[in-house]
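When the chains are written out, they are named A, B and C in that same order, and each has its own residue count from 1.
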Amino acid sequence: MSRVVRIAANTFREAVRDRVLYNLIAFALLLSGAAILVGQISVGIERLVVVNLGLTAVSLFGVVIAIFIGIGLVSKEMEKRTLYTVLSRPVRRWEFIVGKFLGLTGTLFVNTFFMAIGVFAALLYVSHKFQSSDAWILVALFFIVLQFLILCALALLFSSFSSPLLSAVFAFSLFVIGSFAEDLRGFARMSRGLAQGLATTAAYLVPNFSALNVIGQVAHEQPISAHLIAYNTAYALAYSAMAICGAVLIFERRNLK
Amino acid sequence: MVAIETINLEKTYAVGFWRKKPRVALRPLNLTVEEGEVFGFLGPNGAGKTTTLKLLMGLVIPTGGTARILGKNIDEAEIKAQIGFLPEQPYFYDYLTAKELLEYYAQLSGVEPKERTRKIEAMLERVGLKDAARVQLRKFSKGMLQRVGLAQAILHDPKVIFLDEPMSGLDPMGRREVRDLIEELKQQGKTVFFSTHILSDAEALCDRVAVIHQGELRGVGHVAELTSSVAGKVELIWNGSAVPDGFSALGAECHMSGETIRAVVPEVQQEAALEILRRERLRLNSLTPVRSSLEEYYVQKVSLAAKPAGAAR
Amino acid sequence: MSGSRKVTVTTSVLLLFSLASSVFLLRRLDQVRTSATLEEVLYLNSPKWVRRLSLGYTGLLADIYWTRAVQYFGSKHVTRATDYKLLSPLLEITTTLDPKLIVAYQFGANFLAPKPPNGAGQPDQAIALVEYGIRNNPDNWKLYYELGFIYYYMESKDYAKAAEAFERGAKVPNAHPFLRVLAAQMAQHAGEIQTARMLWQTAYATTQDDLIRKNAVAHLRALKVDEDITELEKLVAAYRQQTGLPPSSFNVLIGAGRLLGVPVDPDGKPYRLVDGRIELRNPEDFPFVEKGLPPGYEPGLPKFH
């Protein structure tokens, strides 16, 4: 177990020193610019716009980074053969994958944490005080982190057998498709026969990002049910575990060139 | 005790995207290396040396056969604590300093936290990187990286050390240092298994060598044994205006530069050659045995192998 | 060997377990989110904005919104919901994204106008939607038919407007000939049941949409029942006038030569004669009937056949 933690810690260190967190600067600029602009032009809906824009930006920045570092850091280890000196030690391949996953999610968590501070600061700037319904923003952020968890696992799964570029394409496509997962299940229900079987299978295999997106709800200060929080958490964990298991199974059999 | 043992270890890659064709990287290999030996693994580029090392490290999954290190199957992760490995042209995490890198590897190898700092300091000293300990590896030269690579391979005091082309990319001083290091490891009773295509290194360091070519083991043995099977050559130098008749019949290679003639003849023809020179009343300047008999052996094994396979050379 | 096999087995078991749990959790999520999913749509309720955000992929997005509309109505309908407030914006967004999606207008005509639980009870929105459809597809006679249909089925039957709509449609090239017949019938309000039957038959014939067709079939069945019972009531009344007593059973009527056999409903089940009233044996199978319901009957969940 300690080896998994070591690998995770090293992954985190690599990401930080690779200047991944520099994206926060772009995020901060975007958000403060938007906050100032919104404060001046849209009367009455400043809060709505800041929450919508802030959370969407957190999500999109995070998604890009999750895919980018998820694939980048793993494929780099293979390409530059640093993996050789790791796997010739008493490190099992699954420990490497799990360690990488934990390190990547740790990085994204820290990244999201700073972005969250930015969102709340912008919120404070436009509405001058916090209200109790702002707590739901934390839930939305938590769901966004759950999305990153799934994406990281998928990025690892794809890098375990595919080239970095293809992996990025796969992961990003799944993110887009997964954002319409509920509509996909709707389509599946409406089709017939063999097509229905195939569509249903596909609809259940695609990661369900739509249930994890509650930005709209939160922006309108609507509460989120405890059931949804519980199921979403369990779902994200189960789906990530599934992708990680797939990555381990493939990676266990892979020849490192 | 047997340090390294391979039993019919083989690897065939499937190449191509659609219709995969098999490409044999290593034919069934049976090899035994005793503990405390320095073992040289010789062969031209692409002969299967790196494949063999990767198989032994568990980086590549064998198509057939097994291998054991210190009596344990290589699948068992625990055995890897006893192994040190230097990959060919090593490359490490750019963003770490030499010290951080060694710390990370020491943790992965399960070096006791108490000993860690002491061992790392000592190792940096030993490979001459003490001053560069806090420099990020991205600023390291190729030679320095090779030193870091050696340091990480022996850091955790392994019993068996695998080095893939340890001398490549090093200047003469660096090569000398690596040689000294290998000698030192031998003194400590470690088993060293290294691949190289530089024969003089192998000849100077190895107890035994193996020659591999086109994925096939072509010969194994003590350096002395192997070279004895190959007839040596001698070099004769004298002053004269022309090569006397009869030399070509001896199978000699002659070179003239000015008044000096240099001829290399097989050792068995030495007496005949001297006889010719005596008869022609020519004065011999020197007679020296040509020492590269391991090279002779190597060339013989490698070119023998090449012919039936129809390769270019 | 044993080491790597153990990893493979453990990982495979874990993989299957997590796959099973993620499918299970998805089903749970769908239950929690049936309403929530679509509540979201309201946050982007400006069709123009949706169109802008679609980045030109309007066709695909229209299909997605169309699916959402159908899912929304279907999932609410089975629970006999009284409130379909999102149906109109969903259809509006769908048709803004793809103005040629005729089935969306048909769906709107069939399910926006009727009162809950059979529809959203928003005839004005239904009319606006279909008029928008006509503006974008002036040559499609089906849309004029739908428009007339809405006017005719509205709470306050507007025969004049219905006749006008059918009349407009009849002028479109290749229009179905009976639009003219319908226009004429509307103009004289004649033959209630025959007109209704024709309308529903047309509704059935002009679409491939499952929900619309099932709805039309249910209405046609109800019309048949209403017609049967009207006839039977006349017989019973005539008998009572003759004998001074209501018939105790259909057999009495058969004996009197007024009936050939025990009359049956469209499912082949005999009608019942109770205290001189004609009743359906399974009223829950006929959600739209106006006659033949037992006294105090409360409609259950609607079923389409």
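In this text, a residue touches a chain if its C-beta (ideal position, glycine included) is under 8 Å from a C-beta of that chain, and two chains touch if they have at least 3 such contacts.
No experiment lies behind these values; they were computed from the predicted model shown.
Comparing the chain pairs B-C and A-B, the larger number of C-beta pairs in contact belongs to A-B. Across the assembly, the mean Cα position most removed from that of chain C is the one of B. Central chain by Cα centroid: A, whose mean Cα position is closest to the mean of all protein Cα atoms. Spacing of chain A relative to chain C, judged by their CA centroids, is 42 angstrom. Each chain gets a centre from the mean of its Cα atoms; for chain B and chain C, those two points are 83 Å apart. Rounded to a whole number, the gap between the C-alpha centres of chain A and chain B is 48 angstrom.
Shared interface positions of chain A, defined as residues touching 2 or more other chains, are 92.
Under the contact definition stated at the top, the residues of chain B that touch 2 or more other chains are 77. Within chain C, residues 3-4 each touch two or more of the remaining chains.
By the touch criterion given at the top, residues 92-94, 180, 182-183, 185-187, 189-190, 204, 208, 210-211, 216-217, 219-220, 222, 225, 227-228, 231-232, 234-235, 238-239, 241-242, 245-246, 248-249, 252 of chain A touch chain C in their complex.
By the touch criterion stated above, chain C contacts chain A in their complex at residues 3-4, 7-8, 11-12, 14-15, 18-19, 21-23, 25-26, 28-30, 32-33, 36-37, 39-40, 43-44, 64, 67-68, 70-71. The touching residues of chain C, when paired with chain B in their complex, are 1-4. Those residues of chain B whose C-beta lies close enough to touch chain A in the complex are 13, 54, 57-61, 77-81, 83, 85, 87, 90-93, 95-96, 104-105, 107-110, 149, 152, 156, 162. Chain contact summary for the complex, chain B toward chain C: residues 73, 75-77.
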